[in-house]
Each structure stands twice: as structure tokens, then as C-alpha cells.
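Same chain, two partners: chain A is paired with chain B first, then with chain C.
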Partner chain A sequence: MGRPLVRQEGSMVRLDQKMRPHPEVVDTEFESGEGVLLHLESKTYYSLNLTGMRIWRGLKQGLTLKEISHNLQTEFEVDEERAESSVLTVVGELSQQNLLQTPE
Partner chain B sequence: MDLYTFHGLTLEVKQEGQETGESLTRLLPFLSFARSRARARTPSICLSVRLDGQGVSVPPRAHEVFESDGLCGLEGGEDFYLTEGSSLFHLQPLRGQGEADLAPGFFHQPPLLQYKFWAVGLLKLLRPLGVYSLHAAGVVTHTGLGLLIVGESGSGKSTLALGLVRQGWGYLSDDTVLLRLQPDGVEALAFRKHFHVAPNVTPGADLPLGEAMPDLSRRRRRIVDMEEAYPGQYIAGCTPRVLLFSRIVPHAHSTLLPLEHPQALWRLLSQSGPQLFDRGTMGQQLEALKRLVQQTSTYELLAGRDLYQDPMILMHLLREAEGEKRWGDHSSGKKDPWSD
Partner chain C sequence: MSKPCTKVLKTDGRPEAELLLYAARTCLDSEETERIRALVREDIDWTYLLRLALSHGVMPLLYRSLNIHCPDAVPKGALDQLQGHFFANAARNLFLTEELLKFMDLLEANGVPVIPYKGPALAASAYGNLALREFGDLDILVHERDVPRAKDLLISRGYRPNVELPSAKEASYIQFRGARGFSRGDSGVCIDLHWGVTLHKKSFSFPIDEERLWERLEPVSLGGRTVHSIPPEELLQILCVHGSRHCWEQLKWICDIAELVRAHQGLDWKRLMEEARSLHNSRMLLLGLLLARDLLGAILPEEVLQTMRADRVVKSLAAQIRERIFAEAGGPLRVFESSLFYLRIRERLWDGVPDFLQMVITPDGKDWEFLPLPESISFLYYLLRPIRLIGKYGVNPLRRSLRRAA
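Entry: the complex of A and B
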């Protein structure tokens, strides 16, 4: 079953962690920047909004959460606190859904 | 050995004993496979079928990935296994090979279970060839625009598709179409030719109807031989331009609601045979689904009573949504059957 990935307050991840996408997850992205993730083991799929997809792309590129936050600040002209909060909540939710591997 | 062609692909069937493979070879023409005399140097898919009363045995490493309506699918590495309890279909999709060991009792299984055994196996073997199934009815307007009506069983696909075919539209299928990504877009290909319609909504006595029997969802259905009922309206493939995600609602009037692309893709995934998803082909399938969404107008269709009384209401809804230019096209020179 699929469902939208909803941001939730509070997460167990930290900015000094580096996370990687789970190898059993495939994704696709639209021109609008929104995208869909599919976990092949659980056969579940998730939709990501523009910000979520930017964060996912950063994780695929092997960036640290801090670097991803910095990219968000530059691209969307948001302050550091807001960007970091976005990264932490999205990454926390992705982890909860087993879409990311154990932090290094 | 029998040879078949299928949308530019070739299928070779080897059977031990004349009757052994009959369950399969009887079915293939209804799944758009055509007998061929030409020898393929390397067939796209090879199937071998034999009688085997030894019981079902799968490697211990294989794990169950689905169980539905009497059919079980197991995955072990790159191999896939289908069984209805007594017979086994061992599939090696990357090699394009399938071996079916049929127990004598297989031929006494319900016809729809036998159908599912073969059809699911074939759909799994088609995946590495870039051909993916979608739970949808496929129809084509007089002017050549392809529409896919996507939805679960009971969402009204067959009834609406049949209603449109009765108005002269072409058809690919009422339940399953195949998608193939080509350089210029995604094409939809016909799979099951017969329609399975609910007995109570079958309009008129002009159709060559089969006996009403329960389908795998335990809904009673009548099989309609479409080639006999509507000769010349079968279409092997089309380029879809509209996706309708259908849902029956208890309202007098039908409604079309536009869907954003990610929403449409998300809904497509649930109707794309998730039980057959695999690592090797999923990236390509996801790309094909995304391209399909990009080349189509995508809507949720809330199907009210008016649509089943007059299926051409759909044309009015599409005209309202997209304007006359596309849906009021008289360029074919034919009388526009949808004008008021």
C-alpha cells in the first residue's frame, strides 16, 4: 500500500549523521521537483514534495545532513533553523519507513 | 513445439503429451498471442509444459511474496515460482524461460484459476523484455485517442469500456493492458481480449454471452466474446492520451477531477501488479509509468449513474475539462457520434 510521506515533529536523527538510501528503494522525479519512492521489499510507495525530494537527492549524493541543509538554505532562501528542522523531520520519517540505511 | 508472436515478441511452447499443454495453448489466442509458422532464431520466451504428479517442491531459500485467490508466488534469488497447490510454474525471467510441471488435478481446477496461473507467469516473464502489466481497460476513440480506465475490480472499468465499445470505439482490453516504453512515448498493448462483465449491467440481448460464473474476486461475471460481438473493433496497441482512475459513486451525476502527476503515478503503482515488482526491472517500469503520466491528461472519474445509462457522458465531461478542440474533432470525416 502506498501513502504520502507526512512530516512529523521530532526525530531521532542528528545533523552530524550521514544517511544512505536503502538499496531496495527506487525513485523517480517529475519536472516539478516532486517525486515518488518505492520500497521493493515491502512493496510500499511514498510521494515526496519538492523539499522532501531535494533532501532525498542529497542523501543519494552522499551528502551529510548539514550539507543538505545548507543546500536548502541556498536554493529556497530559508534560514538555517528552518532548513535544519526540515531535514531532520524528513530524514526521521524516511528512517521510520525503513527507506534509509543505518547511519554511519 | 508451437510458436507464437506477441506484439513483436516470440514465444515458443514445448509440451510433453498433446493434452498437457492444452490448458495453455487454448488460452494464448485470447491473450493476443498469434500462432506463427516462422521459426524464431532466439525466441523471446520459452515455455516447457509437462505432466508431473510428484508434488510441488521449491528450494528452501524461496520465500512467499504473495498469496491470493488460490495462487501463491514465491521468490528465490532471480527465480520465481507460482503454484496453486499441486502444480508448479518455475520462472527464470532473466533467461526468458518458464517450466510448468502440472499435476493431473490441474485440469480440474476452476478455469479462472488456470487462467491466472498462466497469465501471471507470462506477465512475470515479460518484465525483463520491458513489458509491464497495468490493471486497466483500454479503449480508443474514433479519432484515435487512447484512454486507459484504471482501477480495482469492481470500479466499473468493464461496464464503461463495454458501453464505449457499443458506441463504436475500439478496444484493447477490459481488465489488463501492457505498457511498453518506446523512444517516442509509452504504448499500451492488448492482453486479454474477452470482456468479463457483471450480469446485471449487461446491456441488451445482442451480446454473445457466456454462462455467468464467479471470478477470482467471487463476483459473478459473464464472458463476452468481443471479436464476435464487435468485429473489427479490436486494437492491438495505442498511445494513451487520457488516464481515468475510476470509482463508482452513489450519485446521479459523474464528475472528473484533475489529478497532479505525482498523485497519478502513485495511483498507477497500486494497479501495476506490485506482487511482481523486482529489483532488476523496477527502475524501467517506474520510468515507463512516469512517462505515461507525462503524456496523458490524468483524472479521477467519480462514476455516477448517468455514466452507465449513457457512457458518452464521458465525452461531455472531457470536453468540459479540456475544451472542444481535442474532444470535438471532426477531422476524421465521420459523423461525430458524441455531439448533442
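Entry: the complex of A and C
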């Protein structure tokens, strides 16, 4: 599993939470597993690597962060600590960039 | 289906053109993949390659192929540049697609049926991914009767016509032209509103049965939704007319043909060839297909290849395009060569005459800049333009073009 492209900024999210993509954000995924998110209001785009895009896909599917972490552990054969750290890192950065809605 | 023998091009003996021709495909067999891997190990001028890819509108395809097949063999600076361009293009295409879908919703909510074509619909239909095709404008087709309503809706969404017309001239513009461009300053988005599949109705005419076209629309998945667009048989013909109109100067137009053929294995070739024949559009279609085969390995049915072999002019025009497409010294076809190309690409000489005259005598902005004339004697531009062109290019290009045509 590659390192997520985005870095963690002090986030307050919990692993049992579900975070939903902002309605004004659209995305496209490439064969390489990378992808691009575009915030239509700010017209700013963000590129995500394979790990980041897997996390984004989980968020779109309405999974909890714990479930997304579990999927990463299975897909990339990494331990729980590393997978959870990656999820929190990416989600923290996505939230900071206003790419996610307020947590439920 | 026969496997084509791809003709390999080199620009002045340089491998960059050959690498670009292999990389500008979404589907490569093992032999082609090995050829890419071998080429990147040669002495590639990466600055030149990227410039070539940029000028031919195929940067996303080049990035995709190199990133999938040999990322470690590409210098980091070049790969980073390609990746940056790829992501930026993907984001812009996402933005344009959203704008297209929103405007289509607005049109349909107001009772105006609309077909998206080229741009995002083509990227989705032929390449299977929005990110793999570069496009600048959005193209939509409406019925001629709906043009005034569509124009009002564009204006309500913040668009302005690129060329303002006196209201008295609006009706004749719609009657004689096939499209009008609109732009929105705040977003930089341009929408070409079409009510005919070519820009001018009286030149480069393409007498496709547009009412039947509306009945044959096929679903395309776009931005997570299903929209209806032009079926591949008609789209191939339209793209070949468009490519011919621009003398196939950019590789991306040939890629469109190759990818559309690859993506639609069930293409009704019999219907396609029969319709092209009845519209006297076979030569333009065959030229596009021949270039897609020779340059990008498109696989064509035997009956199409046989028809190609029988058309000496198509083979000659394809050779002319292949010679010029990457030749820095040659560059795009000059105005006289383009005019002759327009005559030769037609199966009936008189079909090409309006296009020839359009190019040679119809004034454009450069003529107006060259000699501003008052409106009362503006008809003199039709005499001045050929004189200006001969003054600019001399008579030699004209002689060469005539010799080639003969």
C-alpha cells in the first residue's frame, strides 16, 4: 500500500463515523487507481493516489472509517494501525479542503 | 478482421514520433508494448516528445501508456510534467462535463431536445474515460427550430455569443450556417451550439439525414448518468468530415477514429459503408480509417480494406497527411494545398468547389486587417483575398498543389 498523497492535519474524526463527500465535489478514477476530485464551487482540483482513491470510494459508498480501514487491510495486506492512520490522514485533509460534509 | 501492418513513421530519423504513435492508443498488444519499452530506452528528446504530444492533443494518452508500461524508464521531470498535465486535463474535463449536463438539464426542462457530441460524449464513448481526450469546447446539437430558444437559455446561464449579430441577421445566420459559438467569461467555458453537423451549411456540406439521426441515438454513460448521443456509424462519418476539414493536422482526430473503431466491435460496417456511399462521403471516411489503421493500428474489416485499396486518391491523400503530420519543416498545409485537398477529398468535383472557393476567395479577419474597407465596397474583399494570398505565399505552393492534384 502506497503512502496517501495527502498529509494529516489535526483531525477530530472518529473511526466509527461516516463521512460523506461534499455534494459539489465530482471525481474521476483512472485505470492506475489514481483519481482526481474537483470542487465545483472553488474550481479547485485534488489528485489522489491509489490509497487515497480507495478511501474516497469507501466514503462515497457510505462506509464507516473503520470499514474503510478494514478494506485497506484486506486489499493491501497492511496492519490495522497503518490502515487506520492512512484513513485518518486522508479524511483529515479532505475535510480541511472542504471536500467532505459535516460528520454524522 | 485482418491484423494491420502498422507503418512506422519517423520524423527525420527520430524515434519520438514512432513512440508517440504507439503510446497514443488505449489498447496495446504485447509486441506494441515491447516496442514502447524499447523506444524509451533510445536517445529520446523528452522536451521534443512532450512538445509533439502537446501540439497533437495526445498528452493524456502518452502519460497513460508510459505510466502503465514503463514509468521507471521515463525521466522523473518528464513523467511529472505529463502527470501534472493529465490531472489538470481530467479536472477540466470533469468541470466541462458537469457544465454540459447542467445545461442539457436546463434545455430539456424547457422542452428543447439536445444531443451532446464530440467533447465529453466522445471521450466516454470512444476512450472509455473522460481523462484520456483533450477538448476545449462543448458541442451540442439541437433542432434548427429550437435554436432561438437554446440561445436564450445560453444567455440566461451567463453565456454570450462570440460574434454579436444584428437581430435582422439572426434568421439568415441560422439558415446558412450550422453552428454558433457562445462563451462564459467567468468560467472560460465555450459552447458551440450546432443545428447542423458541419459549421457551414453551404460549404463542406454533409447531407446526413439529421431527422433520422435523432431517431438512432445510443446511450452513453457520462458523469454517472446515461445520456443519448450519436451512434458510432454516424459519428465516424461526422468525425471523418471534421478531420478532413482540418486536413488531419492533429493526431488526436485520428486517435478518435482508431478508438471509436476499437470501442465498438459490433459496428455495423455494412450500414456505415452504404450510407457513406449514398452521401458521397466514402472518400472522407476511408481516409480517416486508413490513417487510423496506418498510424495507430486500427483493425478494419477486409471489405473496407478492399475498398481502400481500390481508391488511388485516398491512398495518395493518406500519404500526403502521413508525410506532413510530424514534419516540422512541412507544417500544416498551406492555404492552396488545403484548397486542393478539399477538391480531391470529394468524390464529385462540384461538391468540393464551394469548399475550395470558401478557402480561396471568402474573406476572413486577416483580410479585414490587411485592408480595412468601408461596407459599401466590401465586395472587393473577394478579389483582394486571392491577390493577398499569392502575395503572401507566392505562386510556387499553388503550382505544387496543382501538380499533386494532377
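By definition in this document, the second predicted complex is superposed on the first by the 97 of 104 C-alpha atoms of A that agree within 3 Å, B and C clash if a C-alpha of one lies under 4 Å from a C-alpha of the other, contacts with A are read in each partner's own complex, and residues count from 1 in each chain.
The rule is simple: a contact is a pair of C-beta atoms (placed from the backbone, for glycine too) under 8 Å apart; a residue touches a chain by one contact, two chains touch by 3 or more.
Just so we're clear, the structure is a prediction, and the values are computed from it rather than from any experiment.
*Asks:* Given the superposition on chain A, which partner contacts more residues in chain A: chain B or chain C?
*Replies:* Higher number of touched chain A residues: B.
*Asks:* Of the partners chain B and chain C, which touch A:F30 in the superposed model: first, second, both, neither?
*Replies:* both
*Asks:* Would you sort A:L40 into first (chain B), second (chain C), both or neither based on which partner it touches?
*Replies:* Once the two structures are laid over each other on A, A:L40 reaches both partners.
*Asks:* Which positions of chain A sit in both the chain B and the chain C interface?
*Replies:* The overlap between the chain B and chain C interfaces on chain A comprises residues 26-28, 30, 32, 36, 38, 40, 43, 45, 47.
*Asks:* List the residues on chain B that touch chain A in their complex, please.
*Replies:* Against chain A, chain B makes touches at 260-263, 265-266, 269-270, 274-275, 277-279, 282-283, 286-287, 289-290, 294.
*Asks:* Which stretch or stretches of chain C touch chain A in the complex?
*Replies:* 64, 67-68, 87-88, 90-91, 93-95, 97-98, 129-131, 187, 223
*Asks:* Taking the touch rule as given, give the residues of chain A at its contact with chain B in the complex, in rising order.
*Replies:* The contact residues of chain A facing chain B are 1-2, 4, 24, 26-28, 30, 32, 34-36, 38, 40, 43, 45, 47.
*Asks:* What residues of chain A sit close enough to touch chain C in their complex?
*Replies:* 26-28, 30-32, 36, 38, 40, 43, 45, 47
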